[in-house]
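This report concerns only the one structure given below.
All chains are identified by letter, namely A, B and C, in their written order; residue positions are counted from 1 within each chain.
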């Protein structure tokens, strides 16, 4: 097999594996038979593998260390979110949506709330809108901290992971104080937020932001991002062109790493993002180094946005008046927000009943997962792990 | 020439980043660990932490506040609350629950039942050590829920209210390093 | 008869030290990594600062079921841990612990050390092949390429010292350093750096832990091992960590030479200092990729070590 065939083989294998799935076979078997013809080796990476970020299964055909084909196999964390919510009240969908992308819970809630509020014409008080921005950005910081840790772990550095957890814990302590829960907050309500916050909380938040900006962020950069081994491992690895990224529906830091300055907070402002000043960091090469760097810079931008929110946060109620029984206007409603991973979209169809007729969840990780075969073109095993790590997939969101 | 410069830059950055990185790890080594050694020392529960909805008991009468209206049952998204209204000897329905069952294995701790309750009968407790090998142990009846209310530090946060965190929790700090 | 008893005594001492060393190092590595990462490390089992953790671990491993995976090559699989342990034991023979304390002062001590340690590869490869596991096989192939490539700069980096002293006995090298009160780390700094980097690679430790890269290959060549067989791999690994550091001390840091304290104490102190640096490096750096590893070995360390040998020889000739 020549190098060209190998590169071309990526998409061909995807089709063969997809055929196998259509026939009801295990795609791994089809790939193994195919591989045996060429004296190659097929490995099942996952779902029980230390670095597959949950329960992702990658069927990998290897020629020694070189990757010939990669086929991601999903569905191990399927919880039937979209069907279950068809029999749930609109208010109940909000806390349930936390479970999709469990590291970006607030942004999920905001996405659902925006769709339902548009549908039922619910007024949200300005303080609640600003607080939603604040919490979305705090969530983004916490999620990107974890990305830093797990990406380091994928590359074999263990200490950054523990430092990331140390700092994430502070963020979660803040979240717990504000929302009452550590990961799955259930904080947004239709028409606002569950509860208001005292001044002491905002003071602590400022301390956290100062700590992140002055101590933690420079440490992250110096310990891992500027390390030469890390740079050699990531620069040029898992490269995507802007055209590919757009064609495959990439969004968020993966798309921005390729140089496309597409950020929903800027491109299609929701909540009150149009009132704040912030930059959209972009990369140049679309490799894993750039996507990690984009995330690191986004931490800084998020800190900047939160500081601006704190400056202009108005007083007032945080929960508007909402009728207990929502009367939906029949029709389709779509809302999209920029989650830490990319564009989260909620497509809500109602027929006027008190529960949704259909709810489609657009998960950014699902799109990014399909980029992995592209990112692993002509790579080594270690690069595949780096590529999976840099997409920052959350399987809860992929399988829903 | 350019290759030589690139090589030199790589070498220089290798050396520099090694020194800086090792400096960071050795510095962290002489800081106090941030681990909370869980069973012996417990992290402070923030005011408003929630883990399980419990039934509030009226301090004066010793009876449940619950009047068995069923609003929480209806508002519960995963339908983990089950209420059966009491029926007295005279055959009339009475304003207290005959059974009030909460299936904690289904509960997603969303606080919606508490917000739905107009009678101040539900609160969110902050007990988390409820794990069990038997799923049946996670189904609580009304006596158990009342007992949990008495033994835990429960809090009711109605929609849009401001949580009073008190000053003591501010010190029990965010920045632990 | 006397000779036999004497040999037996030596063997017992070595094995006792081997166990004790693994005992201490496993605990130390976990403790140091814990504090580096702002954790406590092992605490609960007992002893000062959880020092009995290793004892508990070994007890647990001993009592585990002896399990052979189906499809494994039984002979290769069962022999592999023993084969990887043998070189770890043998190298103690030539380590000059004190001025007069050495088990066997071979006149080709350095050659013996180098040839015995390269034996480790055999055990690793047997484990990787015998496991009938693809991750193990990939890990073993990586280990093969890696150990093979780094053996050469490792040995070449010691040649400079050999040229300077004109002897292959480790005892003689230390004595040469003690005589002139000059440790070879200063004149042979390049050699020392090459030696240390190559020895990290030989030991399969981060940033060169590709053979057991957890995030890629689960546990590499010992993925399928558990219980006492796994423990033998671990003991061999930590023993090699100590002996390679001890060789570095012998060649470059003056061995047992040092003021005030007795010689063996200096030797242990310096060796464990190098071990600590190894642990420190492990918990700081990310892992390199296989092609970068080969690049570093063949395109950087190898020429550097050759240049070091040439430079040393030229300097001595001119002088």
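The criterion applied here is as follows: a residue touches a chain if its C-beta (ideal position, glycine included) is under 8 Å from a C-beta of that chain, and two chains touch if they have at least 3 such contacts.
Computed from a predicted structure; not experimentally measured.
Of the chains shown, whose Cα mean is nearest the mean of all protein Cα atoms?
A
Measuring between mean CA coordinates, which chain is farthest from subunit B?
C
Could you tell me the distance, in whole angstrom, between the mean C-alpha positions of subunit B and subunit C?
Inter-chain centre distance comes to 49 Å.
Rounded to a whole Å, what is the gap between the Cα centroids of subunit A and subunit C?
Going by mean C-alpha positions, subunit A sits 42 Å from subunit C.
Measuring centre to centre with CA averages, how many angstrom lie between subunit A and subunit B?
24
Which parts of subunit A, given as residue numbers and ranges, touch two or more other chains?
159, 163, 166, 223-224, 227, 229
Mind pulling the residue numbers of subunit C that touch at least two other chains?
36-39, 283-285
If a residue has to touch 2 or more other chains to count, which residues of subunit B qualify?
Correct list: 18, 21, 24-25, 28, 34, 177.
Could you list, by residue number, the parts of subunit A that touch subunit B in their complex?
For this pair, the touching residues of subunit A are 88-89, 91-96, 99, 159, 163, 166, 169-170, 173-174, 176-181, 184, 186, 189, 192-198, 200-201, 203-204, 207-208, 211, 215, 219, 222-224, 226-229, 231, 317-319, 324.
Spell out the part of subunit A that touches subunit C in their complex, as residue ranges.
Per the stated touch rule, the residues are 41, 43, 49-51, 62, 64-65, 152-159, 162-163, 166, 223-224, 227, 229-230, 232-233, 380-383, 385.
Which of the residues in subunit B end up touching subunit A in this complex?
On the subunit B side, the touching residues are 10, 13-14, 17-18, 20-21, 24-25, 28, 34, 46-50, 75-78, 108-112, 115-116, 124, 157, 159-165, 167, 169-170, 173-177.
Would you tell me which residues of subunit B are touching subunit C in their complex?
Result: residues 18, 21-22, 24-26, 28-35, 37, 177 of subunit B touch subunit C.
Using the touch definition up top, name the residues of subunit C that touch subunit B in the complex.
My answer: residues 32, 34-40, 43, 280-281, 283-285.
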